[in-house]
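Some structures are shown below for you to check.
In the two assemblies presented below, subunit A is common to both, partnered first by subunit B and then by subunit C.
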Partner chain A sequence: MRTNSTTKLRNADVQTKRFGLGMITPTVIVLLVMTAYPLVFTLFYSFTDYNLLRNLRQPAEFIALKNYTDLLTDPYFQQSIWNTVKFTILAVIFEMIIGFAMALFVNCLKRGQKTMRTLLLLPYLLPTVTVALSWRMMLSPNYGIVNQVLTALGLPVFNWFSDIHTAFGMLVLIDVWQSAPFVFLLLYAALQSVPQGQYEAARIDGAGRIKILFYVTIPNIKNSLALCALLRTIDSFRLFDKVNLLTGGGPANSTSTITQYLYNYGISSLDFGFGSAGAVVMTILVLILSSVYIKRAIQ
Partner chain B sequence: MKKLLATALALTMALSMTACGGGNNQSSGDGGSEGGTTELSLILRAGTYADVIKECLPAFEEEHNVTCTVQELSESDLYSGIALDAINAEGSYDLCMVDGSWMAEFTENGVLANLSDLGYSLDDDIIPATTSICYVDDDVYLAPYYGNVTVLMFNKANVEAAGYSADTIQSLDDILKICQQAKADGKNGFIYRGDGQNNLVVDFLPILLSYGGWVVDDNNQPTVDTQEFKDAMNYYLELIATGQAQVKDDLIASVDSGSGTMGIGWPGWYTPTADSPADYIALNGAATAGGETHNANVYGIWAIGVPANSQNQELAVELLSYLMDADVQKSTVASGGVPCRYSSLQDPEVLETYPQYEVVCQALESGVYRPVIAEWTQFYTTLGTEMDNIINGMKTVDQGLADAQAQLEELMAG
Partner chain C sequence: MAEVILKNIKKVYPHQEPKKRKKGAEEKKTNLLVTDEGVLAVQDFNLEIKDKEFIVLVGPSGCGKSTTLRMVAGLEEISGGELYIDGNLVNDVASKDRDIAMVFQSYALYPHMTVWENMAFPLKLRKMPKEEIAQRVSQAAEILGITQYLDRKPKALSGGQRQRVAIGRAIVREPKVLLMDEPLSNLDAKLRNQMRAEIIKLRHRINTTFIYVTHDQTEAMTLGDRIVIMRDGVIQQVGTPQEVFNHPANQFVAGFIGMPQMNFYDAQLVKDSDGKYAVELEKAHVVLSEDKQANLARNNVQPGPVTLGVRPEHLVLTGDADKMITGKVEVSEMMGSAVHLHISACGSDTIIIVPTTELESASAFSIGSPISFTFSGSTAHLFDPETQKSLEA
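For the complex of A and B:
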């Protein structure tokens, strides 16, 4: 009798496991095809001299770590890493501060929250190409409105994207302008979920606005803040389209990010082996940057 | 119940995968035919270059009962579009537009079809110098379609204010004096394209040629650390100090409005008329007045060819022959076409309406192609990067050119 019920239990257990496996199989297959295969493929080609066109007449050869040594010893790649890190830090800091300020402002509005929310979100909804070209027109040294206003005010004008002193700052400004609304949206949603009772209790205890911000608001939305920072860090680190459209990495490599470097030296010349090595290095750097959050998420 | 669900799930997955894999079953054995009409796919450089071809297509389509689809791309996208399609056994494109500087890489790797084998040959009406890169061992692989060649674009009023006219600009020294005068008058002198290594290099090449220098020698070995190159670079630094870097659209607007005085341009950018504020001339290739003259106009000719993996090669060659026909080419002039043909560029009727074609013809007769080497993309990226460093004061001329030479030697050594 006992053996029978034990067997039944075991069968049920096996069936449950099988069912579980059946349910996750599609996801695993999709992940393997869409994520693991390209990763392995990229890693494999990073050890070869694979060039798309040259490969038509002679197959790629295994060159061990040559792509990696070439990449890491290239001063322009090192400069690109530094530019990318600098850009990421500045953009994320400004986007977090401005996005958070926008969220606090809209959250405390008693009227017009929906309208304000929609208006503030508009830059994020625009395609990056549109954003880049609009800013290029606004900052044009010929017909750009910015220089016209500065001239009218008697202030010095700049050739914004071609001047080594201003090009990098302009890219940060444009990215912050477009992406701060993303931070705003996430943090605004998080602010909606902060229990109102905590605010009331804090006010009864005599806490001021600053104390409420630091002891009630921020602790309640810290996970959203961390998530925002992580997402923006990863996104900023992969910056390509704005750089490619507005400066092409110049002047004098001052705006060249890792992706722009890889485009110039790997993709545009169809040297996919070299480009793959750069992609692997970049993936490792992004993983290092986001490791704190990933570690926390796993725990 | 669970078993049923799992079976249903597996069945759905199998069906989905079958459906996904079955999407491309339309055989190209019919040559892309649809209802008896063959489809030809063209991949072209966006802008006037593609526009003039598009306006010629309806007549060909009607005559041959074909439908032509055109994909218009930027220069870099066009290059990668053709290259990415070249790895397929059955190509998607039947006619492609090719920059002369890609020729070596494309023919070395079998990207382009041998047009001679397909019965096509270039006629004598085509300006001979423009065909120099179209051949490999006497076989034709490309036909020069759009005669882009560097010209010196200038603002007439600013040039006159400096005491010059189009006819009296005889040397690079004259250009410098005009630009310095414009700068002294509170305007920009020389405008150059500072966005991207390719533009930096191409804008500089006419200056380098005027100094008797070039980027490679007869054996295609880099020659960027030479005295001629240094002299040209030093002159260029002095020249661009009178103006600023701008993107193409800004350069044209600057010269047209007079806020800028001069820049290296292409005929496809601007159509001057008797009343227009800007005009262009071909550089005569002398660094100093009375000095030695060189061929200093650099080709940016857009040629057309047929991909080796085209599924409709014979029809594509018919289309190419039609587009290269002297009368068809002359008909494109009104829309901004610049044929590489004497019959178009020296036609009295054409010159009456478009006198600038005389200048274009001169420039095309004495133009220079960028080096026909498979490594040209990496070459200009490296050289442009070092030139950018020099221009922005990050390196001296000597240091920048020495670094460029070392990197290029390594590149060319393989």
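For the complex of A and C:
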């Protein structure tokens, strides 16, 4: 009797396991095809001189680390890494500060929170292409409203995207304009979940506005702050569309990011071996960057 | 260590713009007074709280007791009237400058700080020297028995321990007034009884003025020097626990204070041939006690219909069989030391408490069996059926 029931139980256990396996198999297959295969493919080609044009006639050859040494010694690539890091740091800092300020502002509004929230969110809802093109129009040296206003005020005008002094700053500005609302949305939601009682207790305990911000608000939303910074860091690090649409990496490589460099030297020239090596380097950099946050999140 | 005076305090919540109501959504029913200005949550609140007094504000949900406390705390704006703490008008003084401390129902501890940091926080904000902070925190922790938890974060504590920390954070400041907003409501019944006893002890150790809000009449009766009973934003009665229990000012207070609730009947007040007042209910004819006679005579009360109130513990099952009220047992609840009998009599529900010691057997009251009871002239409370006010006050 007893053995009978244990066998039954074991059978049920096996069945549950089989059902579970059946359920996750499709996901695993999709993941393997869409993620693991390209990853292995990229890693493999990064050690070859695979070039689409040339390899129509002769097969790719194994060249060990040559792609990597070429890449890392290329001053253009080095500048692109520096540009990317500089862009990421500036954009994330400004987006976090402005987004947080917006969230605090809307959160303390007594009326019209919903309207304000929608208005502030609009830039984030626009497609990047639209954002890039409308900024290009506004900043156009010929018919742009910005230069017209500057001229009317008697101030010097710039060719914003072609001037080495302004192009990089403009890209940061546009990215902050578009992505600060994302930070705002995330932090606004976090602010809403801070218990009102803590603010009241702090007021009675003798804290002013600034002290409440540092002792109550920020500690309560610090996880959201960290998550937000991580998401924005990863996203800024992969910046491509705005650069490609507005400057193409110029002038004088001053706005070229890692992705733009890979596009110029790996994709446009169909030199996929070299491009793959660049992609691997970038993946490693992103992983290193985000590992700090991921470790924190796990703790 | 200060007296608190509330003079004609009023709280008005302005009308909200009408929102689109979902189909079928019921409108919230309240009996609060609505004026052109808005909803009157608290009106004509007059109270003088003496130095070191323990005042309890009690009443059902939505009666304005918490709003009143929050106005004293400075968390709600005062719409009208004057609030004095220690002789100073503080209507427009910020919470942090009123020298008050408050314990919240939700504890409102800072989750990212340890117990020690939570308790030291108000002192740190006042830039107190470190040695004094350490001394005050450890002293408060000792009083509350939480010394061993000082390094823990609030999430590692039980509800009772968290509430102690919240009280600790309030008492380290040695505030002029200590406000407590339903501090025991989140605790289970056993812990609540225990904490209630500890608050009584605490009160004798730290000499300060307490204002305590609760909806629990047991807490009100056991803790308060004086009780303020509120309903729909209006004070119903202020008095010592004994006063409000023995001499309720109106039918609401009589029903609210006392567990189980007082029984009410539609009865007749008559004057006997010797000029003495008596109440008649069914066959019962009960002559009132001397002090009640005097009170009624002083108020020149005329015979006629009255609302009679008798507490469940004052109804007795023995007496002259011809002059007793009869009813039927509906439910019999054995509570250990007493049996609570629910009886349908005189067209209403009556509860009688019968001590177990007076019972021959617990099964004496089977459901549906007839029962007769009466009361004495000293335990009857008489109310005006229209105004619901006590006829003796």
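Criterion: the second predicted complex is superposed on the first by the 270 of 299 C-alpha atoms of A that agree within 3 Å, B and C clash if a C-alpha of one lies under 4 Å from a C-alpha of the other, contacts with A are read in each partner's own complex, and residues count from 1 in each chain.
Following the convention adopted for this analysis, a residue touches a chain if its C-beta (ideal position, glycine included) is under 8 Å from a C-beta of that chain, and two chains touch if they have at least 3 such contacts.
None of the values given here were measured: they were computed from a predicted structure.
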{"item": "Subunit A as common anchor, with subunit B and subunit C clashing or fitting", "value": "fit"}
{"item": "Partner chain(s) touched by A:266 [first = subunit B, second = subunit C, both, neither]", "value": "neither"}
{"item": "First, second, both or neither for A:216, with subunit B first and subunit C second", "value": "second"}
{"item": "Which superposed partner A:181 touches (first subunit B, second subunit C, both, neither)", "value": "neither"}
{"item": "Which of subunit B and subunit C A:208 touches, first, second, both or neither", "value": "second"}
{"item": "First, second, both or neither for A:197, with subunit B first and subunit C second", "value": "second"}
{"item": "Greater subunit A contact set [subunit C / subunit B]", "value": "B"}
{"item": "Touching partner for A:99 - first (subunit B), second (subunit C), both, neither", "value": "neither"}
{"item": "Touching partner for A:142 - first (subunit B), second (subunit C), both, neither", "value": "first"}
{"item": "Partner chain in contact with A:278 - subunit B first, subunit C second, else both or neither", "value": "neither"}
{"item": "Subunit C, subunit A and subunit B - angle at the middle CA centre, rounded to the nearest 10 degrees", "value": "150"}
{"item": "Minimum C-alpha spacing, chains overlaid - subunit B and subunit C, in Å", "value": "37"}
{"item": "On subunit A, positions contacted by subunit B and by subunit C", "value": "none"}
{"item": "Of subunit A, residues touching subunit B in the complex", "value": "15, 18-19, 22-23, 25-26, 52-57, 76, 136, 140-143, 159, 161-162, 164, 247-248, 250-254, 264-265, 267-271"}
{"item": "Parts of subunit A lying in touch with subunit C, wherever the complex brings them together", "value": "195, 197-198, 200-208, 211, 215-216, 219-220, 222"}
{"item": "Interfacial residue positions of subunit B with respect to subunit A in the complex", "value": "2-3, 5-6, 9-10, 13, 76, 79-80, 83-84, 86-87, 105-106, 108-111, 194-197, 244-247, 250, 253-254, 257, 259, 374, 377-378, 381, 385, 388-389, 391-394"}
{"item": "Residues on subunit C engaged by subunit A in the complex (per definition of touch)", "value": "73-75, 94-96, 100-102, 104, 106-113, 121-122, 125-126, 169, 173"}
